[in-house]
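Chains: A, B and C, in written order; residue numbering restarts at 1 for each.
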Amino acid sequence: MTRKRLILTVLHRLAVLAYVAFALFPLFWLLKVSVTPTSLLYTEGVRLWPSQASLEHYKFVLTHSSFPTFFLNSTIVSASTAVIVTIVSSLAGYAMSRFVFRGKYWIVGLLLLTQMFPLVMLIAPMFKMLSPLGLTNSLTGLVIVYVAFNVPFATFLMQSFFDGIPKDLEDAAMIDGATRFTAFRQIILPLTLKATTFPVGLLSFVSKFSVDFGQMMAAGVLALIPACLFFLLIQRYLVQGLTAGAVKG
Amino acid sequence: MTSTHAAAPPNGDRRTAKQKIAVRLEPWLYSAPVLILIVAIMLVPLALGVSYAFRDIRLLNPFSGAFVGLKHFRELAGDGAFRGALVNTLWWTFSSVILQFLFGLILALLLNQPFKGRALAQALCFLPWAVPSFLSGLDWAWMFNPVVGPIPHWLYALGIMSEPSNILSDPETAMWGPIVANVWWGIPFFAITMLAALQAIPKDLYEAAEIDGAGPIERFRSITVPFLAPTMAISILLRTVWIANFADLIIVMTNGGPADRTQIVASYIFTQAFRRLDFGYASAIALVLLVLLLAYSMLIVILRQTMLSRH
Amino acid sequence: MASITIEAITKTFGAVPVLHDIDLSIGDGEFVVLVGPSGCGKSTLLRMIAGLEDITAGEIRIDDRRINEVAPKDRDIAMVFQSYALYPHMTVADNMSYSLKLRKTAREKIAEAVGAAAGKLGLDPLLQRRPKALSGGQRQRVAMGRAIVRHPKAFLFDEPLSNLDARLREQMRAEIKRLHKSIGATSVYVTHDQIEAMTLADRIVAMHGGIIQQVGNPLDLYDRPANLFVAGFIGSPAMNFVEGHCRAGVIETTDGSKVAIPDGIQLAEGQAITIGVRPEHVRIVATPEIGTYTARVDLVEPTGFGTIVHVHLLGQDLKIYTLERGIAVVGQPMHIALDSARLHLFDRETTNRIG
């Protein structure tokens, strides 16, 4: 029995290790390519670590390209998207979780519909709609579009968070003298905030931290750093938050 | 209980019409921002896009824009590339979803056991999700390349390949490149949702089953699976639809090639729209894809309902 | 402090009726307990007083002011929930002062009120803790504290003790009673536990199937239950019910035994009767006499202070509660007397009390 248990434990750890290796190796390769000098890129392409590592790509990206501007813009867009998505989707998620009303199933259907077609299809019409408003080449336009793309999933996520919070809390707050909206703002939202700003907001932050600039792995690594850091921070809350009842008592 | 009031029971609700409307309106007020956003940014463009399917819209042609009726759909019916893309889409979608789901579930089960360093292992295993799709496609394309990546050499050393070559340039194997990248990138999604569902299963159920003499396999079958089933069903459904529409990895890694062997419908739409700038035709294809995915979702929902009503 | 008047209240959820034509007036400072099995509508009624449920028909007044259309926050009532509903992200002090802050009470006044309530409930050392760090009993106290800081017009309690273990429940029960004596606030208390109802109430409202079955002080309900439901619900161990028919001036039970009709009660020949007799009112006698019964002992359950003896008699599994130890031995015969004055008679058709 103990022998069997030991073997199982060892197998379990090995399996976990295999997963970690599988998850990390491509990231390691990204890093490896980014520190390989251009002259060695092809001759030492297959080595696990170049004979000579250099930061030349990083230096180039940071000084000679428009990377810093892009990086800044990307940060602004992602951060504002995250904040707006959190606010807007928590309101809708609350309505879906707490109210029984006609039209609720239509809203769910609408949200699901938005997940069903390739977004490419929207680009031309959207361009046509936004250009008279002068939003085509602006960060504001980008934020609006990203928010709209992220809101359906975020709303579902928020709804499941709210479903995990007992209704008694709002009832108590309303008896204590709060309106429903005050109860939502002061009691329900703070409770989900720890669990939700992280996943909902920062996930849109992470996924929209797009790096469609430069084919350079160095730029990729640089752009990845904040995304990965955020993700390492949030992933714990993500699982916790998805578990209904994580916020109970 | 004498009833002095029996003649006319006082009305329960004497709120004014205005107050009643305010109560009715409340949920809509909360949903309004999301609804306005979705309608304005997604639904209206979608409707426009649908209308493009029946019009001649070419971006660089100032004379385009005329109504062409079903011309695009007739063209589509005879388009061999589209039919190939349909088959590739099935292949791409189902192998990606099945592999992501299987490996995701196993990872979730592994992480559901308490062990030292679990938090760290979990964080690291979920990390691929944080990588933008574009970058992960690029990264995997590099790794599959025998000049700058190690994978062909490993496969050669294992005897799976006769020489270290790029699987992405071989029509027979090319689809596996984006699929592997997709699996790497998508495991965390399933692992996270499954882990959350696993942690919601009451522990005493397992203890009760163990006392009743159920072995680990029996416990998994009779407790874990039924508890996970609803989460599994919904996440697989959403993921299938999402992956069918997900062309980023393919566009970056193979651009549909070689010989259209990795061209899926979503990437074909992209090609039509941005390489040939034929938005009319692209919209027609997208419309067909949308209808197919809607039909698939309906089918799943109906299947689920009948299964639920049988129990 | 205030009085609460409930008039002809009806509640339906969709097409499902939950409460029928409820009338009740609760006096200033009175402690009224709504008791009944789950699903009897007692919690719904409480939530309607609180404003958490709409009123389908009828009227609720607090101090003669109609409150049907008044939002919960403006009704000036406090409520203690079964789940306690403490705000998890706030400290005990913040939980208790939340309502006062919403009412823009001055800071010193809040501190004073919280301090006083905490003192009353022994919460002083816990004020800076969060609900997570409290035991079940402490959480319960905080929920009470949150209610009393406000000096509301009325207190509503929704099964506040049912999440506590037996010992704590007993302790908190006494504490609630003491608190009510010192504050004297109008209180409506919902419970399914008849002992809680008996011990706490000035008046009990027994409910079943959305209808008020009986209203009265606890001993009234015990001594003169108005119908079979109340008779079976109040009292522990529960009342024995023996079925029979009136035949030739006596009641003949299903097994053919005869029970004398108590003085001053008129029964129609052939009327279907249910006799109720409390286990503590069945007497065990040493020798058989006229009018006693003899039965074999089936089961003996010692409860410590007393003993519950089961015998098969009058076509029933009859329970007897006795304080004498060692009087019953399983398998041995036993002689039993029923006090005519302590029998309760019910019409089986209407289930109502006779006499």
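Keep this in mind: a contact is a pair of C-beta atoms (placed from the backbone, for glycine too) under 8 Å apart; a residue touches a chain by one contact, two chains touch by 3 or more.
Owing to the predicted nature of the structure, the values given are computational and were not obtained by experimental measurement.
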Chain contact topology (line, ring, star, complete or other): complete
Of A-C and A-B, pair with higher C-beta contact tally: A-B
For chain B paired with chain C, centre-to-centre distance based on mean C-alpha positions, whole Å: 54
Chain A and chain B, separation of their C-alpha mean positions in angstrom: 16
Centre-of-Cα separation between chain C and chain A, whole angstrom: 53
Residues of chain A touching chain B in the complex: 12-13, 15-16, 19-20, 22-24, 26-27, 29-30, 33, 41-42, 45-46, 48, 87-89, 91-92, 94-96, 98-99, 101, 103-104, 107, 110-126, 128-129, 144-145, 147-149, 151-152, 155, 180, 206-207, 209-212, 215, 217, 220, 223-224, 227-228, 230-232, 235-236, 238-239, 241-245
Complex contacts: residues of chain C adjacent to chain A: 47, 50-52, 71-73, 75, 77-79, 81-83, 85-89, 98-99, 102-103, 131-132, 139, 146, 150
Chain B-touching residues of chain C, taken from the complex the two chains share: 7-10, 21, 23, 54-59, 66, 68-69, 212
Touching residues on chain B, where the partner in the complex is chain C: 1, 3, 5-6, 9-15, 19
Residue numbers on chain B that touch chain A, as the complex places them: 24, 26-28, 30-31, 33-35, 37-38, 40-46, 48-49, 52, 57, 59, 106-107, 110-111, 113, 115, 119, 121-132, 134-136, 138-140, 142-143, 145-150, 153, 184, 187, 192-193, 195-197, 199-200, 238, 241-242, 245, 247, 266, 269-270, 273, 279, 282-283, 286-287, 289-290, 293-294, 297
